[in-house]
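First the structure, which I've put down as structure tokens, then a few questions once you've had a look.
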Amino acid sequence: MYRDIPQGPESEEIRRITREFEKEFQLKMGFHMAKHLRCQSDVAFHVYDMNPEAMSRFQAACSTKTKSNIGLASSPADLASKSSVIVTVLPESAHVKDVYTGSNGILEGIRKNTLCIDSSTIDTSVSVDVSKQVIAAEARAVDAPISGGIMGAQAGTLTFMVGSQNDNDFEQAKLHLSKMGKNVVRCGDLGAGQAAKICNNLLLAISMIGTAEAMNLGIRLGLDPTVLASIINTSSGRCWSSDTANPVPDVIATAPSSKGYSGGFKARLMLKDLGLVANAAKDTKSPLLLGSIAENIYRHIAGNQTMADQDFGVVYQWLARGS
Amino acid sequence: MYRDIPQGPESEEIRRITREFEKEFQLKMGFHMAKHLRCQSDVAFHVYDMNPEAMSRFQAACSTKTKSNIGLASSPADLASKSSVIVTVLPESAHVKDVYTGSNGILEGIRKNTLCIDSSTIDTSVSVDVSKQVIAAEARAVDAPISGGIMGAQAGTLTFMVGSQNDNDFEQAKLHLSKMGKNVVRCGDLGAGQAAKICNNLLLAISMIGTAEAMNLGIRLGLDPTVLASIINTSSGRCWSSDTANPVPDVIATAPSSKGYSGGFKARLMLKDLGLVANAAKDTKSPLLLGSIAENIYRHIAGNQTMADQDFGVVYQWLARGS
Amino acid sequence: MYRDIPQGPESEEIRRITREFEKEFQLKMGFHMAKHLRCQSDVAFHVYDMNPEAMSRFQAACSTKTKSNIGLASSPADLASKSSVIVTVLPESAHVKDVYTGSNGILEGIRKNTLCIDSSTIDTSVSVDVSKQVIAAEARAVDAPISGGIMGAQAGTLTFMVGSQNDNDFEQAKLHLSKMGKNVVRCGDLGAGQAAKICNNLLLAISMIGTAEAMNLGIRLGLDPTVLASIINTSSGRCWSSDTANPVPDVIATAPSSKGYSGGFKARLMLKDLGLVANAAKDTKSPLLLGSIAENIYRHIAGNQTMADQDFGVVYQWLARGS
Amino acid sequence: MYRDIPQGPESEEIRRITREFEKEFQLKMGFHMAKHLRCQSDVAFHVYDMNPEAMSRFQAACSTKTKSNIGLASSPADLASKSSVIVTVLPESAHVKDVYTGSNGILEGIRKNTLCIDSSTIDTSVSVDVSKQVIAAEARAVDAPISGGIMGAQAGTLTFMVGSQNDNDFEQAKLHLSKMGKNVVRCGDLGAGQAAKICNNLLLAISMIGTAEAMNLGIRLGLDPTVLASIINTSSGRCWSSDTANPVPDVIATAPSSKGYSGGFKARLMLKDLGLVANAAKDTKSPLLLGSIAENIYRHIAGNQTMADQDFGVVYQWLARGS
């Protein structure tokens, strides 16, 4: 049974909506995010997932003490009718459109002033469009895509890049987002969170491939990879892809490359983000020479089933061993 | 008058050889490096430059107190005959070959055990070849290319990437290099300094263009460039090209982009280094997809006289304003 | 006054719909195509353009003898209600969707068995979707995008690449298309015309840039461009971009490059087609390394107002003169 | 025993020099070329190969009637001392330099007025340099690289691209080259043959990859490859790589792709030529965006032992099956 609770900025009623799309998001990303929210909340908490099993699993995973408060919604509309704050994490633009504006979607049940936080990474134009429909329904919307991956979700150290109409909506959203992450940054107006996220990931993809090319070249020239990385990391070539997630195995013990390219940011998810970049570049007529090659390298890599599911640093292996 | 001085690892007799190639190196890079060496040395000090004016200018710039010790050599061979430590900084592989192995070159005058430190950035294969000829003449050689630019040369904060046959040669070279720079790192065997330098600069070029693409896209999507840079700089896209030398004017006050793309690393020098990268990639059969596009973008940019002499961050302008 | 005429596969009643989008299509492409259709037809002929002036201009341009037969429709729906064959040429996916499925669109007035021929170059997925809606309305649809440009339209020498459900629809469409073009080819099922068109234009863009790179390199190596082109044109490098539309001025007298890059295929239209290619590549997960660079080169070029409206062979100038 | 023969432009004394480098050249390319020369010549004929077995094999293969005339030289210098026309085909710049200017090289034995025809594909700058040394020795030199592959060599249908100081040298060379090939074209001054050859092969590599990308995209969009190719081949995308050597198996029966990518132009030889292109582009500051990606795609492909030895159309497989 779902219990509605009193409104107000102090209330921490949060509802989680997801739709099954890929295991790591359904079972891990959303799961961990919802747990962090739940653990730090005393108010009623409703979840929705198109897969009932995912919901029961979440319910089961919560402690005895809080479990009684968790409600399982029957649809996005149902959940919206019971919530004053809603967090969504969905795989693609089409899912966000559907969950918000489709049949039995959030807009059918939404209450006045409800704050909708969409943490999906989707097309900026779709994000802005959906947010405007939420606002037209007298509710509030922010886009808050995530950086930090599953490990960040588990540890509660995610970064949220937020686009909002005003500071007040941002501050409201921050109250909740800060339970799941360490950094919550306002990037600008509606859609600015999406824009910042894809710009970062564009540079990330380029840096990673660049690091892979530089490390591969250095190794073939006879350099010790650990020595080379340490030089780059104190020089003008330094970047996150080199000093934190170096794609050459055993250069950085905690990097996915040192764990068989597992536990990181999957190549096919990077490909997805680079697709969003390509759409934004086309809309804004922005030339992307390195960015477009990066997208197509990951398209090539994702054509291989094994590499598609490995950390995107696997581009080093792709380069190093030849086709 | 040239005075020869006693040998030994403690002696700090240093001779500077350059050949005129480009003003910033002859007048600035080499000039500042030699000044730092001179200021911290009590022993005899000889310089050589194919342009006599450059030598007199250096002599004039040194303090009255030390001036009397500065000798002007008549050729590389002449200088070599008077030195136990030699530092060379030259523009291209061909110059290094000529200064060492050509007529009246260093090898014609070199003394047993003299330590040759070549700080030019040249082809790894040429560097190794020349070093081996020096060693065959019973002297010693290290390659020690520089990172840090003219500002680093002036401030004495350069980084030297050193390749040497053994730790002893490296330690010897470090005594002198540490007067001109802050970091002196051994990268490996002969040629390893060159290899590390070009690998770093390959990644640097890619990161810079990547930063330019990401910033340009973000700005066209409506983001404030300073906000976008601050987000990237605390996320996985962070890199030196974004947090220290951001190519968008007025994002980072000290970056060349905020000073009309002046005072940095010239686009045509980056192009030169990417040419060395291309040679090394061909020799080692290393694929460079982003790296080869980067080289050709700088070739396109360097076709424009004005941009050729601007900081390599000018790639942002090239992207942003259309062709 | 619009007169309806008897149905039947032999009747050659043709209606032309366009919407104003760009002068060269409204005034030239569509205009010439419609004239060829009109001149070889005795039956009633209706036209529609959202710009009434464009319709009067067409009416005025037709001969006294046939003018009386030309009807001006008041909307796509109106035109559809009077036609058994409809030809559309529109600029973008959104226009085709709107003209067929929007308010007062063709589907609101369409008659049973009417043959809809869409000669727009648009997204394959949108084309297939609209065709299926036409078929669901018990009419018939083929996609028949055009190759050959304005000069081909004027001369009646266009190539039509046709996608159709069956051979019968194709043969019907061919009766009409062969009045406007020389080659009418069935490429496969619905959407196959679009697919073939963009694959051809992908290769065309790559060949043109490749020709520009090869000619520019040869000229800088001291070759006479006419001699180089003649060698390439009898060797394995030969292609349409080299032997027919060589981008170096005065190599081929009839090429747009020899007429100030005028009268050809505009750079920004090539950019538009490469955008369709990018969408199709994303949908089908097809890597496009050269294709993606080609798209972004044209995006860079189209950022320059002058070059955007020049023949796409202007990429030679972009390469040759530096940025 | 070697017999010297009378000089004169009418004499057809020809000597073949090769050095062992790769089977297909030593055993096939040079072998077939020499056979064509030999068969149409009555005069004395000397061959040299660093591998004596290769020379005996050639001698054995010649008919009883002519065999007695074939002389086996003991060195390039020896051969030069007995010849008035010399044809060389060698793998790399370094070999040409060595065979002409090295110890026991041609220049040590060369006679006044001897015509040296170098059919190797090497760096333009090296080719010009060696030719000038030949001319300084009062002999004559032309560069005449080959297009057409082993099948062309066997059939005697090669194309020769010739650079010469004057028309007379070209006409002289043509007398001999036309026995081995169908087209003999003067491209310009010394080095122009090399320049034309690499410009053609640059465009060839780009066209082939472009064809592979377009065919792969079309196939994934549901098109029949034979239909797609036939459309492209009558449209603006047509090129040799599409209409003669289509990289999709079974589209063109005689193409290497239809024979397991055998019998064509090996991927690693294309990579070699693209390396020459890269050198020339660097020397002349010519930007090559597609060309540089093409080079690196073939570097990636050549990293795979099997594909390295297949026809360069194998890039289609590389794209189609994912990494």
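Each chain gets a letter, A, B, C and D, in the order it is written, and its residues are counted from 1.
The rule is short, and it goes like this: a residue touches a chain if its C-beta (ideal position, glycine included) is under 8 Å from a C-beta of that chain, and two chains touch if they have at least 3 such contacts.
Remember, predicted model here, so these are calculated numbers, not experimental data.
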Q. Which number of steps is the smallest that gets you from subunit A over to subunit D via touching chains?
A. 1
**Q.** Farthest chain relative to subunit D (centres taken as mean CA coordinates)
**A.** A
Q: Return the distance between the CA-based centres of subunit A and subunit C, expressed in whole Å.
A: 41
(Q) Residues of subunit D that contact two or more other chains, please. (A) 281, 285-289, 293, 297, 300, 302-303, 319, 322
Q. In the complex of these two chains, what residues of subunit A are touching subunit C?
A. 275, 278, 281-282, 285-289, 292-293, 295-297, 299-300, 302-303
Q: Would you mind writing out the residues of subunit B in touch with subunit C in their complex?
A: 289, 293, 300-304, 307, 318-319, 321-323
Q.
List the residues on subunit C that touch subunit D in their complex, please.
A. 124, 147, 159, 161, 183, 185, 187-189, 191-192, 195-196, 198-204, 206-207, 209-211, 213-218, 220-224, 227-228, 230-232, 234-242, 244-245, 277, 280-281, 284-291, 293-294, 297, 319, 322
